[in-house]
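Each of the two complexes below includes chain A, the first together with chain B, the second together with chain C.
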Partner chain A sequence: MAKAVEGRAVSATQREWAAVVQAIVAIVGSDAVVTALTHRLVYQWDGNTVFGGLPQAVILPRDVDQVEQVIRILSDHRIPWLARGSGTGLSGGAVAIQGGVIVDLARLRGPVQIDAIGPLARVAPGVTNLELNRAAAARGYFYAPDPSSQVACTIGGNVAENSGGSHCLKYGVTVNHLLGLEVVTASGQRLSLGGAAPDLPGYDLTGFFVGSEGTLGVVTEATVHLVKQPQAVRTVLALFDGPEQASQTVSDVIAAGMLPAAMEMMDRLAMDGVELGPYRVGYPSQTGAVLLIEVDGIEAGLPEQAEHIVAIAQHNGVQEVRVAQDERERALWWQNRKTAFGAMGNLSPNYYVQDGVIPRSRLPQVLQQIESISHEFGLRIANVFHAGDGNLHPLILFDDHQKGQREKAIQAGSAILHICVEEGGSITGEHGVGIEKREEMRWMYSDEELAFQGELRRVWDPQGLANPGKVLPT
Partner chain B sequence: MDAASPAERIEPASEEVLAQQLAQAYHTHRAVLPRGGGSQWELGEVPTRADLLLSLGRLNGIAEYAPEELVVRVQAGMALEALQSFLQVHGQWFPVEPVAVPGSSIGGLLATGASGARRLAFGTPRDLVTGMRFVLPDGRQMHNGSRVVKDVAGYDVKRLLIGSLGTLAVITEAWLRVRPLPARRQTVLLSSKDPVGPVAPLQTVAHRILASEFLPTAMEELDARAAVQVGLPGHATLAIELQGETAEVTYQRDRLAAWASKQEDTSTPLSLDLLEEEASDAFWTAFHHRLPQAPLVVRVGVALADFPLIWETVIQRKVESACVAGPGHGVLRLFATPSEEREMLALWVDFLTRLRAQTEACGGALVLEKAPAALRERVSVWGKPPASIEVMRAIKKRFDPLGLLNPGRFVGGI
Partner chain C sequence: MTHEVFSSQHPPLAELAEQLAYDDLMNCMRCGFCLPACPTYAVTGDDFDSPRGRISLAKAVADGQLSPDDPGFAQAFDRCIGCLACQEVCPSGVQYNRIFEQARAFIEARRTHGPVRRLAFSGLFLHQGLMRTAAALMRFYQKSGLQALVRKSGVLHVMGRLGALEPLLPKLAAPQRMASGQWLLPSSDRAAHAVAQVQRIDLRNRRAIALSAPARKNRVSSTATAVEAAQDSERANACLRVGLFGGCIMDAALSVTNVNTARLLQYAGVAVINVRGQACCGALHAHNGDLQHARELAKRNIAAFEQAEVDLIVSNAGGCGAQFFEYPELLQDEPLWHARACRFLEKVVDVTELLDRLDNLEGLRPIEAVVTYQDSCHLRNVMGVTEAPRKLIQSVPGVRFVELPEAEKCCGSGGIYNVTQYDFSMQVLDRKLAFLKQTQADYLLTTNPGCQLQLAYVAKRSGLPLKVMHIVDFLAQALPEER
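And now, the complex of A and B:
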């Protein structure tokens, strides 16, 4: 399973393939077509290092016209292809499991155009989330969805995955900030979906395109809504004996009628990992769970809210609770949290990031079940959550050199997802289905429902060429 | 109007029965019109065929409520006001207007994608639904999404249904996001002291509010006519709703008062009135309820950058009408009672045609939400179909291959 296989493009003979490559070179230039094996190997994996696949070629178009022409050629010759941003996706979405062509959008990255009236931004797909946020910050705004991978991940990837982040609890995910899209559909048609004007009549095609994981076409521009930077922010760090008290605190904060911008939790093992990284907070050894809560808005209202949160934490037996004294301290806490995935490398040769959602109030019970799974499979599991919206990220630690551990890690992940579904939640909150969770889709939807989703997909991609083998079970 | 009043009416008591009845209609090729409270029955073109009226009236209960999760699952026929009173007992609300038209249903709200002034803070129905159940015209029962707020498993079919005006499937149930009721509600009314005064100073204030730390939950401009209709003195007025904890509401209100009294940057003096709690709610209820009683309701939506241009045209209109506009979200509505006189009609046709051309030229849309038949004959309800109309048609075909659900009501004859 770990080994990537050299895929073959459906129905293209060697000679036809050579002609296709030649035609594409004529459009984008030879420096924008990668066929050498050593270079293609770079594209064998994405952020999910469990499922791999090798493309036959990688194309790096420079503008929308080139994207359109390339997709047309691929479509005419029935060659499977997929769009790729930075390859940070965690469900194997940007991997060519059936071979074919990868269209890498890294070069579509013109300047972010910001319109202060709106406020909104027009963004090319290859621009990173952080670059968009920097451009917005310079004008006093921010782009709310903030995946922890924001340094690297692209807006195209964010749209395709409907990415979330730590501040979704209050601000929502990508789809809530998207006004319109320019796309090239899988059949090679350029289309504008939605737009900056509100309430445009017609079906919400923008909403349908978001989260479609590159299976309907290529995003070539996104118009996004920006948010004013809040007047003030308060960040609270609370240390507990264990996740149970931390979870109760999360529930109590909501029950008290507050809607914090973020509520993030890490368990002991996750803390052990991040504390070995570059952003050490210095959690005491007896701390079993850490909770990071952020409230923002009008300055006048914040001291009271922060005090209320501190009181709730104290009521739940907090070991220690602090409000960030300055921006530097706040930034450290966030960096510590945002590097949690990668920090697992400090604890284990390999790790597998899962992504499931449960109703928030079921957190303590589900954590116990995850612990049983950890025992059952003999694998350590660290837990990082967007606790406010019940989005779990169990990090399953394994060693690829030990035979069978990778398979076990995959099975343990699947077992956790099963619990999520039984609790009325979802198999993915933000990382997508990709190749990883196709089979688990059956736990969420009946065959009839899946078949219908497939029919809607074919509206955009009648030949089934765009990112084939992803999202829906086969 | 006859086509919209089918001879036969069914009112199933369960989704199961609804599905069977839909399947029957499908196999006998009968056109079906789903109906909630009927408050937006006139929205869209008159259906080209109508054999069966499908009332959601008996699917009107709360299916499941999880206050600690801030979600509620409701049946589509439930009235919005019934939902709000239910939630209120638990200190929560569904963050659209607290009282809309009596009887208007959740299913209708989602099918029309309707939103009021509070979209400024809480978004539109598409932002408030986490899951949905629906029945396809051939009777297949389906769901999409779930009770949890984050769920990206598979295709977001429910989004296609929101705002589809009942042309794709019948919505039977929805998971909605709810919110804690705010501790305080206040509405600040800023009006131009000069009775016929220009609205420019109000716009200056509105833009300053949008550009600074303020977080209003609603902000609408009413022209003098609209102000009178909602029970205010006849001055152009900017209504700003503030919700939240006492400290934040008080802070914002005080800053607004300071602006108004010092008249910074504004040449025209502004007067300030304050509505608190119930009085504040009553104002917004009047705002959402009274104005749309007019027989002609026109909605214009444009990007905020294009708003001044459209505003200019609207201000110079010769046709008698009231106008409200949201400088923070770009939706403007005109309300009027046009007389049947030919000359009057001609004036309206001319004005709407011009305004629509201008709106569409900058990527917006003008929709006749309600209009007398004589006007509809000369001005289309939806205007120019969007560039993606062919994809929309293809989607309609997958849901409703025989074209039996609300045929002809929607954009581009869908």
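And now, the complex of A and C:
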């Protein structure tokens, strides 16, 4: 077979590399060390759709001790590595752009331990967000951050990316629900950060670690805060002529003093995608935007809140508005919304998603600008938003087999982020910086501020081995 | 970044790239929503054993990154059970079944198989008669004491993984078979109800079956012995006429299930015929890369059921029913056959789906028992039948139904997967066993012979006091005594 063009070769010599592999096999067993090219090929991507990179090896440890020993060896031999969970991230965080080793934590998925007094849960990094939520639900609780990929994404990855989700409007993102972490740092040191007790003295290292995108080390256990399941939920689906009326409805709901658990919007093109997927709602063809609003809390007063929302939607010229009649209908609406990214496959061979944040009130103007970008680059753009907190997910459709389209899509994405920053927002809401937004970090921070972040990173990872080439601009 | 791992115009590569459903491959957005649905990923946690991983390898082959002769490529698809749970949850509608079948066909075409498998695929499964002979030999093996002798002898250990599976063989009863080509007629009052019920049938939005006074020819048979049959046929015209698909393994090894299927359908008010000239559905062939024989079998079945002039074609094995869904595509290069395959498919219905729609089983006797149910992957993921079996079980008086956790996940049987990938299959099964114990059920019911054998095996191996049977056999126990 023809020789592989690897990512930049690791610093180890061939002989040293063979010794490293042998030492790791001795720890984790040969079935947990992947070096065959074909097998590695499946690890050249994560959930992002534009950046790939071939790892030199993939290690699948089974427990914390193995993780620690493996990272020690990698550190001793100065071999770059990165942690991976389910590989659903959207900014390339789990792609080995510089080669090196992937440490896959999917096998660390022991049972979720729930402490009802907290209420809190101790979770292994390879447990999926949905598995945690199922375990919590059995005891009457839930874990609030709910990224759309929650069926597959792992808690370790959620911590690394500080994941949000549809319900973070009311409940906050991962960092708001983390009490403590067990981690192995890039130099192979095991540390306990934070803990079950509130307001621990000293620096908030848990807060620092969350959202570090694998550049400081790897999570081996997370202690998370659980929330009592609300007594009741009402979910409203409102269909509008276009995003303007839907946006106005979002603003009016907030202005009326309500704090819904979630407010989600999709434009026509996004609807076209999900309607071809497995969870079809049946949106009428003349609908230009759909709004999904959920309120929760104690039963008393909730029907009135839902009615109030319906009235606001009607005031804004809604075409049709419905309240979910049962759990089945509610679940369908959510599944329809949550499969939006993957559903782009029904419309286009490839897509590229961006993750900008803007002040909520600027939504209609920003949407118009996104439309001009779509015309300028000649690429269709579908829009999905966490409308309540102004988090945009423009989905730029392209065909990788047409020369130059991928580059155009990346440029269009960057142009959209520029608008977000100009409007007083940010370059990322919840997907992380990863590979794709390193340079855009300069729009957010001065050179001094970035240098300071670099200094902090080096405290945890003096050799620069953990997920190199991510987050900070080079 | 693309890695030109395997460069350019390798002839077999071009061949596979052409064969692979490239549009389906392109649809994969790598979102990973398939991971939690996949039974093999649940075992290893390795993306190589996930649908997303397999698709990426197929794409690497189609893109010229990887040689299709690479052993890793074959291994990835060999390890797939083909349950198609991934397809059911895919947001972008990747037709994984097409990728799977084409990749397997390519891989198998380049392999040389031992004589046993060749004989089985081109002989046994193609000919019902041979299958029956094999079953008769098997019965001899079990009844004659030879089985006990072999078990004691240690020969099975020598046979390796095939030996380990020997206990999986069904205990074969003497054949109890429905005569082929003869109508089994319902009572007239029940028949009227059935006809009324089925007018409203709408199978998973895929088609509405219009049965309003179908124009049926009065068939005049040329053989003298068929006079009586013609009279029966005449009477059957007033009823809903369903043709029973007997299947190969079902017919040979579990033929009592076919008889029970017919009895239940008759009780529910339809006229049943065991259609003459039918063959194996061809699923095993298609999933193991033998598309040529799969086509041949499809044609034989289509012709046989056309000849029988039935309103519906009833299958009692999820795997066979699902294979019928493949017929139109399998025959797409032959327009006439393709059209016939589409008409055939329009009539296909699973026995549980039909019994549920007929809603005509009142009068069943009580069975006091705790009962659980394991979905047949293909019944669930391809035919979309999930509620009907559960409702039917609960329609038996005295039954307490317990949902099996992860009932929707594959048991690891997968046609002959448990033979070709024994270790993997057993790991999938171990997970299933843990959940089975939780249910504390007396009965575990299923809707596919492969699943039934696999689950009976695990119950036996682990000493669980669990009766594993086909849902139809369980329901038949509740049928009132015939007067």
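Please note the rule applied: the second predicted complex is superposed on the first by the 466 of 474 C-alpha atoms of A that agree within 3 Å, B and C clash if a C-alpha of one lies under 4 Å from a C-alpha of the other, contacts with A are read in each partner's own complex, and residues count from 1 in each chain.
As a convention for this text, a residue touches a chain if its C-beta (ideal position, glycine included) is under 8 Å from a C-beta of that chain, and two chains touch if they have at least 3 such contacts.
All values derive from a computational prediction rather than experimental measurement.
S.K.: Tell me the contact category for A:G342 with respect to chain B and chain C: first, second, both or neither.
M.R.: Once the two structures are laid over each other on A, A:G342 reaches chain C alone.
S.K.: Scan A:R109 for contacts with chain B and chain C and give back first, second, both or neither.
M.R.: second
S.K.: Answer with first, second, both or neither: which of chain B and chain C does A:P198 touch in the superposed model?
M.R.: first
S.K.: Classify the contacts of A:D46 with the two partner chains as first (chain B alone), second (chain C alone), both, or neither.
M.R.: In the superposition, A:D46 contacts chain C only.
S.K.: One more residue to check, A:V173. First (chain B), second (chain C), both or neither?
M.R.: Only chain B; A:V173 stays clear of chain C.
S.K.: Between chain B and chain C, point out the one touching more chain A residues.
M.R.: B
S.K.: Thinking of the overlay built on chain A, is A:S426 touched by chain B (first), by chain C (second), by both, or by neither?
M.R.: first
S.K.: Who does A:G257 touch here: chain B (first), chain C (second), both, or neither?
M.R.: Touch partner of A:G257: chain B, not chain C.
S.K.: Where on chain A do chain B and chain C both make contact?
M.R.: Residues common to the chain A contacts of chain C and of chain B do not exist here, since the sets are disjoint.
S.K.: Within their complex, state which residues of chain A touch chain B.
M.R.: Its residues touching chain B are 115-118, 120, 161-162, 164, 168, 172-173, 175-176, 185, 191-193, 195-205, 207-208, 210-212, 228, 230-231, 251, 254-255, 257-259, 297-301, 304-305, 357-361, 386, 389-391, 424-433, 437, 441, 444-445, 448-450, 452-453, 455-457, 459-460, 471-472.
S.K.: Write out the stretch or stretches of chain B touching chain A in their complex.
M.R.: Residues of chain B touching chain A: 66, 68-70, 91, 113, 115, 119, 123-124, 126-127, 136, 140, 142-144, 146-157, 159-160, 162-164, 168, 179-181, 183, 211, 213-215, 244-245, 247-248, 250-252, 299, 301-307, 329-331, 362-365, 367, 382-383, 385-389, 391-392, 394-395, 398, 410-412.
S.K.: If we count contacts the way the header does, which residues on chain A are in touch with chain C in the complex?
M.R.: 1-2, 4-7, 34, 36-39, 41-47, 49, 51-54, 60, 86-88, 97, 104, 106-107, 109, 126, 128, 130, 149, 151-153, 274, 276-278, 339-346, 349-351
S.K.: Spell out the residues on chain C that touch chain A in their complex, using ranges where they run on.
M.R.: Within the complex, chain C contacts chain A at residues 1-7, 26-33, 35-36, 45-48, 50, 52-53, 56-57, 60, 65-67, 70-73, 76, 88-94.
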